[in-house]
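Both of the next two complexes hold chain A, though its partner changes from chain B to chain C.
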Partner chain A sequence: MLKLVIQKELRDILTSTKFIVSFVSCALLILLAFAMGAAGYRADVARVEAARRENLKQMEGLTDWMMVRNNRIFLTPQPLASLVAGVSDDIGRTMEVRGRGEMPQEDTRYGEEPVFAMFRFLDLEFIFQTVLSLFAIVFAFDAVSGEKERGTLRLSFANPLPRATFMAGKLAGSFLALAVPLLVPILIGCAVFTLMGVPLTTDEWMRLALIIGSGLLYFGAFLALGIAVSAMTRSSSTSFLALLVIWIFAVLIIPRSAILIAGRAVDVPSLDDINAKKFRYAEQLFAEDRAAMNAFSPADRSDPRKMIEEFQKFMGNINDARQKKMDEFSSRLNEERANAQGVQSSVALGIARISPATCFTLAASALAGTSLALQDRYIAQARAYQVSFAKFILGKTGINPGGGMVFRMRIGDGEQEKPIDTHELPAFEYRRPVLADVLPAALPDAGVLAACVFLFFAVAHVAFRRYDLR
Partner chain B sequence: MFGTVLVKELRAVLLSPKFPATFAVCSLLIVLSVFIGIREFRGAAARYAEGLELAAQTLRTQSTWMNLSTTAYRKPDPMQVFVPGVDGDVGRLSPITGTEDVKLTNSRYADDPLFALFRSIDCAFVVQVVLSLFAILFTYNAVNGERESGTLQLTFAGAVPRTTYILAKIAGAWIALAIPLIVPVLLGILLVVVYGVPLGAGGWARCGLFMLASLFYFTFFVALGVLISALTRRPAMSFLAALAAWVVLVLIVPRIAVMAAGTLRPVPSVAETEGWIDAFAKDRMDEQMKALGARWQERQAPMQGMSPEARQAYQQSKQQEWANEDDAARQEVQKEIDAYRVRVNEEQGNRVADQERLAFALARFSPASAYQIAAMTLAGTGVSLKATNEAAMREYRRAFTQYAAGKQKESGTQAGFRITVDSQTGFHFSAPRERGTLDVSGVPAFAPPGVKLSEVVSSALIDTGLIAVLALLACAAALAAFLRYDVR
Partner chain C sequence: MDKAPMIEAIGLSKKYEDGVLALDNLSFAVRPGEVYAMLGGNGAGKTTTINLFLNFIEPTAGEARIDGIVTHRDPLAAKARVAYVSENVMLYPNFTAMQNLEYFTRLSGRPAPTPEALHRALLRTGLAEEAHHKRLRGFSKGMRQKCGIAIAIMKNAPAILLDEPTSGLDPQAGFEFIALLKSLRDEGKAVLMSTHDIFRAKEAADTIGIMDRGRLVMQRTAGELAGEDLERVYMQHIAGHDGLAA
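And then the complex of A and B:
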């Protein structure tokens, strides 16, 4: 009986004009998202390469590693970020690395090119979140009420058809008829991705599969919701109106307002204030050091070169000491802020998770590595790089390139110094997260989506039991 | 006749469940968005005031005129309450120093990426997305619904001109949609007045124009719905077609347009252009170092064979002259580097403007993007926000560094540290001595570039005009389609 209902559903949907039109449009959009994502990724990689080349070029011809200034690192683009943008366009991608001290992030994508912030990108996540959910509603709104209007509902129940079977068949049938054909453009899109030269590792393919899986779960949740609402109303136009209102709130309104309202309820120390405090503390430390520099007198006054070396070592020591104090002060302030931000995001996102759209966005961006955790990962890896950079410079020059003044005096005795080999400089490559890293973050949200599917199906079941079939 | 049909239309729409649903949803959303907008604006204004205070404090605690630095802040515009635009994406402040270029950093979304995940809900968004969707909902079965229920042929059994009928249909749907827009907006304006948002006369004028653009915008979708309804026979079909048209016009076209512009007119990243400037600066500094070394060799020449006392006296007498020479050479190099930087920034600005022009041209195929552009231009939160503020800050930086340099000359502190190493006299180090805290009362303050009403209105009029023209075309097309419609 269940199989019959499912078959009927399949046939009903797959042969309708509604399906052909919607499917073709969705397929086109999905392919477009993959193609533009691949093009965007290649362009981003080219830009980062160009920036890296320029960064090394301005170091060429230097004869002393101490003179290396403006060593910049860049957040390497991730292929999955072109499909699920997340916050990757909002965080600063460039950091200037010195041996110690803070590395402020600069150059966000949207900040650099505000025209993209105006209209944003068409990524796979947007298509799933907005277009596919609308698609689900368009098919599910007249699942029950439409059949009642057409008179086929009472014909079905003229047979000994259990209501539960009918509901289950409806849901399963609609899902199979709509979700499975969508896999075709998705697979073609993946092929397009590879053909356009975007290299995905096996781990990334698995993560992409999971992203698509959660997208289909999200789609199923809206299907179940549509069927549920349809089983609560008599006319299909009422159910469509109700579903449209629910869609508007769930997809467009709740995520945004929940975060704006709940987010502002938690107090986070302002970044401007923290930066001002750091600046004043740095000034204070520097004033103390200036006094020490004025009081310096070399022990051995015979050889100018020895005097210079001693001065350099003295400078290195006070730089180190000052940097250490500065680091302690800064990391304390930064930690306070990071903790407050953590509380803020748990509260805000927790409330926003009422809507399945939030859960889907969070799950997809966690899997793609472009959730809020991207910022933390980038900063952590940048700090690790800073340590290895400092070690490298220490090895080459014997002095730790602290954030302060560096004195390098060259005595003109005419010896030709060798230019540095910029290729020796350790390169920064952002290490992408693997499935094991992101799964713990994504699983709860995917779980909520699955729970939504069951919940809405249960509601549909209960509502349909009391439905007047005539 | 027109009046009768109009009244019939209004009665039909106002009594259907669509109207209260639309009214409730739109009222809730518009009032919510204005409320959130007011809160966000007050937060931004508070942060701006705090920033100014911090900058003033930091200025007071600096001890030398050399390397005097401050921060310039971007002032939030009250129209952000309705249309925040790209305000959250563009940096809020820029360091103003003698050595670094101006760059807007610390945008709201960069500082707090949590809010970047879903961004904001604002009045323009509600009109652009929600109201247009309801417009489609109201009109998708305007004509073919009546045909299906049989009332269309009954109507035309009387002497009703087709033009009158279709215009009354459009007008009826328009009025039924204008109410859920105008009433909440009036409530929103009440909120704005109650919370004391400083809109000013210019702000109210821009508000008025924003309302006008919104009215034209949903007129387009009303006409589009009637048009599609007059082209199809079954409401189920027209519904699908209208929804598809909505998705394409509102969600898809703007994004594709901007992505296409990004691919067709790519712009080098800021990291790359900064690399060019750094490379140029490094080359010039290298040359200057070499020249400095050569100069010092020359200066040693006349001192050969002098007695230690004579050499000391000679050095004392020449000290000032040498310091001035070195200073002048350094400034010359700095001027060259600044000129190069200005050129690179100008070229980059041109490339970005090119890309934006193409993006807008492609996007303007959809009234949704035209509306967004008009709304953001009126609020002063469009793509020009970054360029205008950075240009103003660069001007300020010139004035600021000039002032600081002037003050430094007055107070007589030498720029830089002085280190002398002499095999005879040994090692000497001197750092500029502080003269206590500075009197910073005369330091010029940054005047944020306001929104010039005439400029803003004239550029917004282009897009508003475009939407009005599209709406008119849609009405004309609906009329034409209905003239050939089979009413039976």
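And then the complex of A and C:
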């Protein structure tokens, strides 16, 4: 009998005009998301390649590695970020590597193209989170109350049909009728992605499959919620209104409110405050060093070369010491800020997770490698690169780079200086996370989504046991 | 010897949570091959009685039985033995008549019917063959009523509950319906029909019960009522009326 109810539900939904109109709209949006994502990825790759070439071009003609002061690194575009943008458009994609010190992030996508920040991008995550959750509600709001209004509920239960079977058939049938057809445009979208030249590794395909799986769980949660609300109301108009209010809160209000509440509850020092403190400390250190510099007197004044080398060594030591203090001070401030931010984001996400929309966003962005962890991962890799860059420059010049002004004196020996070979410069390539890296972060949220499906279905089941069939 | 009742109410009472006594100690029996018409105005308790037989509500006292099965104790077994046609048959509008009929036949627990069997059932109700593969969306009330009766025929249940089945039907459809009802009775079905259509009740019923404010105020067989003006009898038994002659 369960199979029969599922078949009926499938037929009823698939032959309705409402389904055809909604499905075509959703399918077009999904295809658009894949096509725009692929085009965006290709444009990003071209932009980064051009920027890298320009970076190296600016170094061409230099004859001393010490003169390499503007080595820029770039966040390599990730194919999955074009489907689930996460924070990838909000963080600075470029850093200037000097060999030591902090590397401010620059060049956010929204900073470069602020018009997109107004309405964000139409990516797959947005379509699942906003459009498909509405799609689920549109089909679930009258699942029970609509049958009651139409009179088919009375006729159905004039037969030996257990209520639990009817409810299970409703959920399974609705899910199959609505979710499975959505896989068609998603699969076509994947083909479009490949045909447009976006290279996905096996690992990324698996992550994309899990993103889609999370999306379907999220869709199922809203479907079960819709059926539950429908089983708790007598009229479909009341059910629709109730679901619309729940949707607005779940998708639009709760995630934003959670951030605001956490912002009020946990104080995080602003970047301006931190930078001001760093600036004042740097000034203080420099003032202390200036006295030492004024007191500098070379041991041997007869040989200019030795004099310069001694001065250089003196300056290098002063710079190193000052930079060490500065680094310690900065890292302490940064750590304090990062800790406060961590507490703030834990509070924010803890509150926001009561909404399935937040859980889906967190699971999808974690799987895509575009969650809040992207920034930390990028900075960590950039720092590691800075160390290797510093070693490289030290190896080439014998001097630690980035420590301030360096005097180099060349006594004319008539020899023509050779330009540096920029190909020797260590390359920076952002290492994308793999499935094993992101799964621990994504699983809890995907688990919450699965729990939501079961919870809402249980609520629907209990509500329908007491439903007045008359 | 009398056959055992197929549809039976024994001291059936229903008091709603708001205190309204919808049914008060109702007792009657419908045997196989018998049509029982429950006559009464709005609020007399006819639909409440049907709801109790379908276990949509539970009785405050007494029992509703189908083929000896107490409906609120074993609702699924009872429902397997009863077919139901409502006043306004509402089916799935996106399905054709055949698809609706097939679904509800299988929902009744019967094996998947052949298309020929479905066609025969629909033709028996008088639904033209060209309508069999059309969606219900454009069907008139009479056409939907025929589909509802076809569902009852396909279920082939020994008991049939009809809730105001002729309400809103045109005279020809009403006539066809009564003819069909008689043929079902001749097949041995026990039919309980709630109606306020005195003419149809007299035409089709073997026994007529008049209900008023939840109580069965009169019950007579067709033979006992022969030669009497049923409308006059009805008005005599309705509370607050002294009959047409008064």
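Keep in mind that, in the parts below, the second predicted complex is superposed on the first by the 463 of 470 C-alpha atoms of A that agree within 3 Å, B and C clash if a C-alpha of one lies under 4 Å from a C-alpha of the other, contacts with A are read in each partner's own complex, and residues count from 1 in each chain.
Following the convention adopted for this analysis, a contact is a pair of C-beta atoms (placed from the backbone, for glycine too) under 8 Å apart; a residue touches a chain by one contact, two chains touch by 3 or more.
All figures in this text were calculated on a predicted structure; none of them were measured in a lab.
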item: Partner, of chain C and chain B, that touches more residues belonging to chain A; value: B
item: Chain B versus chain C as contact partner of A:L2, first or second or both or neither; value: neither
item: Partner chain in contact with A:V21 - chain B first, chain C second, else both or neither; value: first
item: Chain B residues touching chain A - in the complex, by the definition given at the top; value: 17-18, 21, 25, 29, 32, 36, 39-40, 43, 47, 50-51, 54, 57-58, 61-63, 85-86, 89-91, 93, 103-107, 109-121, 125, 129-130, 133, 137, 236-237, 240-241, 243-244, 247-248, 251-252, 254-259, 261-263, 266-272, 274-276, 278-279, 281-283, 286, 293, 296-297, 352, 355-356, 359-360, 363, 369, 372-373, 376, 382-383, 385-386, 417, 419, 421-423, 426-427, 429-431, 434
item: Chain A to chain C touching residues, read off their complex; value: 1, 4, 8, 11-12, 15-16, 150-152, 154-162, 468-470
item: Of chain A, residues touching chain B in the complex; value: 17-18, 21-22, 25, 29, 32, 36, 39-40, 43, 47-48, 50-51, 53-55, 57-59, 61-62, 69-70, 72, 74, 86-87, 90-94, 104-108, 110-122, 126, 130-131, 134, 138, 238, 241, 244-245, 248, 252-253, 255-257, 259-261, 263-264, 268, 270-273, 276, 279-280, 283, 287, 290, 293-294, 296-298, 301, 303-304, 307-308, 311, 341, 344-345, 348-349, 352, 358, 361-362, 365, 372, 375, 407, 409-410, 412
item: Residues on chain C engaged by chain A in the complex (per definition of touch); value: 51, 54, 56-57, 75-77, 79-80, 82-84, 86, 88-95, 99, 103-104, 106-109, 148, 151, 155, 161
